[in-house]
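Below you'll find the structures, each written out as structure tokens.
Two complexes follow with chain A in common, the first pairing it with chain B and the second with chain C.
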Partner chain A sequence: MKIDDLEKLKNEGPDTLPSKERRKFLKWGLAVTGVFAGGAVLSLTSAKNVQGALEGIKLKKYPYKPHYCMIIRQDRCVDCEKCKEACVKTNNVPEYGYRTTILEREIPIGPDEKQREFMPVLCNHCNHPPCVRVCPTRATYKDEKTGIVMMDYKKCIGCKTCMAACPYNARYFNEEKRAIDKCNFCFDTRLSKGEKLTACAAACPADVRIFGDLSDPESRVYKLIHEPDRVVWVLRPETGAMPNVYYTKG
Partner chain B sequence: MKRSLITILLIFALTIAVQGIFNIGFAGEDEEDADYPTELIVFTQPVKAVVFDHKYHIEEAGMDCDSCHDDTFEQAAGTAEENGDFTMKSLYEGKYCGACHDGDSAFASNTKCAVCHIGVIGYNKMHNIEGGEGGGHH
Partner chain C sequence: MSNNLSTGTLSEPRVATPTVNTATAFAILFTVVGLGVGVYAMIAGHHHVYACTREVPWGILISTYAFFAITSTGLCLLAAIGHLFGGTPLMHLGNRAVYLSIATILAAFSVIGLELESPWRMLIYNVISPNLTSNIWWMGTLYGMAVGAMFIEFFAIVTRQWNLALAVGIMGALAEVGANTNLGAVFATLSARPFWYGAQLPVFFLCSSFASGAAAIILFTHLAYKMRGTDFDERTFRGLQSAGKVLALTLFLLVVATAWRFIVIFTGNNEMAMIAANHLLKGKMATNFWLFEVAIGMVFPLLLLIGTQMKNVPAMSIAGAMTLVGGFIQRYDLVVAGQQVPVYYGWDDLPSYLGYIPSIGELLVVMGGIGVCLTLFLIGERVFGKVFKPAEHH
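Coming up: the complex of A and B.
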């Protein structure tokens, strides 16, 4: 679907989808999750529309306090993977899974000319998280205060439905925990201990990952997202999940 | 019978002759004869990984050995990485790659990052290491 067409669509949100549509969505999610080449997961939305992508209505204020979010300044990423290393170390992530990773693609920049581009991905901590909606045991939930999509490992039965529902391929089954594991913005390992940044954001040498509180007008994330001329986009806005990981360049 | 034999011989001779011309014509570009390292230089410090292509800089950008050696870069591979100041900051100050990549002679060091930076993914591809993009589970 073209971006123009997408923008014309009314955002119905995931709650009102009929079950047939929902099934189609899940099937589609399974088919394209993790496929980055060809732009299947990338859709553009201008900064003006970010709030629209966030809530579909004119927001008076952001729904959480602090409203944690991350901005990824995509063109600065060089795939050094120091973020991945820091994440693995901080959150004890096994070799077979990831909480965050880097994708690569080549974008055409001219006739027979291509340019490499890297794209960090992680859990988008959606305002309407499809993973939370499908979890049969409520093991995964949206934290009421911070908006972080969290896991209660004890409640998880490992059915992997959330993995299938996630539009961002941000979940893996942790064999040691016998539960699904995912990014929680380092809530247990750093934020709750007074750190201001996630491990990945702190480790990035190129200042790609900007982390902070979107509800605080003084924060870097707030200022970046609300720069009038800055183009900001989210991945797969058409799912209606209203993600909190934003992408921009420059 | 005789005529067809002559024809075959002629074609044979012609083929050899053409091949000969071909070889002479392109001998100059034969990689084995190049007077510069033909393999990519791969830097892994301070971040993994950055590539430098001697061939491109000599054949396409029109530089020669003196352009960089031994002023901007020591000839011995790996020296820059051991110096401890082989960083983007140094580049912005005009050291190393930044001597040309200043936005004047060549694209500036703080632009087009992924042209030189191939990342861990690129490094792993080069060395045939699996799992460059992390194991996706379904």
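Coming up: the complex of A and C.
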């Protein structure tokens, strides 16, 4: 779908978006243009960004098969950090680093009233990964089959350009490997062995992290993203990285 | 040709004074200690010695590399312009400029080699697994080609093969322009870092290279004559005046470019870029910015050059030294400020200024890089001193 076509879709108006979200986008300097496409998907600055976040969703063409993605039902996160523990154990992550973590903040919900909010973050396995573009030796690359952004440790010269380029702080330097390490959706440790979920998704007691194949209409991720009236957003859409980690509520 | 060459036609015994010998000894000491610390860091692990973090992965070693690399480009370009357009007085400084361009790029390579976590892998995988969309790859490859070209060029100069020197010199200069602008693009193409992102940095780097190159050739030519204890001959003096004009012009352009760079950030709507800019304008980095980058790095030298009409070599030399100091801090400010605003600003009570203070280890490696440059300069004056005399060819 071209940007023009996208703009012709019925715009259901910015009001469809919870006001808290709208404020958040505004704070980032993103004007909310509306909610497009069956009330479902996204509403950000410009048609370009909308398309960015939509790529693979509304285009009905998926660059990868399976096209792995994760949906994070953010408001359900209670910060128990079971996902972090599972990740560390499964992927042998050293204590000085992390592949996924939980951010938190307090947001005012009324005079003198505050609410704690948690947000799990990890590599977004971007469709246009800045890290992959900048890597001089193709030590980090986007897997042609799954779209997972992976590392070939032995090729990494440790220039750390990918760390500077990643909009999501998803990378750390692993001293033992003398290379950058990052989330690979547990490809080597689980998916390639037949498991269907990443360690974090499997470990989450609150079912925050929904993992699956976006190109499969039967998958949970597909159904969730295409639910009518569901608002889905991505982090830092203005960077053009086109993430495959989506956030939603409820 | 080379058969009638001997060290007698190249070397300059006059510079072998006790003062110069002591200076050389110190420069070598700086080099050995500084690079030694870097090698230790490589073996022990950078995290034990350097202050970079996950959030601020690039520090003073990247900016020092950029400083030397940018200076090298400027020297190479000034030499190429001098040699190519034989009529300009710049050609009288050209041979020394080529040599210093090699010296500064070797200093740059020393520092970046110790900044990379696993540099040996680069030798293999830059070649067998290149990524043509990577500015780092292009920068490394083009600087590699440039230094090769300059070695050949300098050899051709020493052996008086002027046509070869000219041809290879032009190739080297083109490679340097590519490498230099790619270095700018390393920062300019990162949309995740709004303070860097945008079209300006590559050409800003190129303009900076002319300024730093002119500053370096003035300063080092002045030092070279001091070391010999002789006065400037007419041709060298006119060469220095030309370099002074280049310096004044490029400083003026940099003032204008810097002003617009900040104005554009504040007319945009990117909060992260504005916060970073404010760290420099009125925050934790304001002294760096206003005193070193703006006053010492641009305004004072410009006023000095204009005030003395480029007629006074010590004044030009001081302007050159100030430009280099300011340029060094400018690269530092650019690299560090661009990473200060956390990518998840607003979460985790993250401050808007993450902080970075160079470690002693990093500063020693910087000293090592400066040592490489000074050692090569001092030894070069002795071994090739006569090669650097004003050109008689063309």
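Convention: the second predicted complex is superposed on the first by the 193 of 250 C-alpha atoms of A that agree within 3 Å, B and C clash if a C-alpha of one lies under 4 Å from a C-alpha of the other, contacts with A are read in each partner's own complex, and residues count from 1 in each chain.
The rule we apply is simple: contacts are C-beta pairs under 8 Å (C-beta built on N, C-alpha and C of every residue); 3 or more make two chains touch, one makes a residue touch a chain.
Please read all numbers here as calculations on a predicted model, not as lab measurements.
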So, A:134: does it touch chain B (first), chain C (second), both, or neither? second
In the overlay, answer first, second, both or neither for which of chain B and chain C A:97 touches. both
Once the structures are superposed on A, label A:155 by its partner contacts, choosing first (chain B), second (chain C), both or neither. second
Quick check for you: in the superposed arrangement, does A:67 touch first (chain B), second (chain C), both or neither? neither
Of the partners chain B and chain C, which touch A:119 in the superposed model: first, second, both, neither? second
Looking at chain A, does chain C or chain B touch more of its residues? C
With the two complexes superposed on chain A, say which partner A:172 touches: chain B (first), chain C (second), both, or neither. both
Applying the touch criterion given at the start, work out whether A:163 contacts chain B, chain C, both or neither, answering first, second, both or neither. both
Under the stated touch criterion, which partner chain does A:105 make contact with: chain B (first), chain C (second), both, or neither? second
Shared chain A footprint, chain B vs chain C, residue numbers 96-97, 103-104, 163-164, 169, 172-173
Tell me, which parts of chain A touch chain C in their complex? 27-29, 96-97, 103-105, 119, 121, 130, 133-139, 154-161, 163-169, 171-173, 175, 178-179, 236, 238-241
What part of chain C is in contact with chain A in the complex they form? 45-47, 52, 54-55, 57-58, 116-119, 121-122, 125-126, 129-131, 133-137, 140, 186, 189-193, 269-271, 339, 342-344, 346-349
Given the complex, residues on chain B that touch chain A span 46-48, 112-115, 117-122, 133-138
Which chain A residues qualify as touching chain B in the complex? 30, 33-34, 75-82, 84, 95-98, 101-104, 115-118, 163-164, 169, 172-173, 205-206
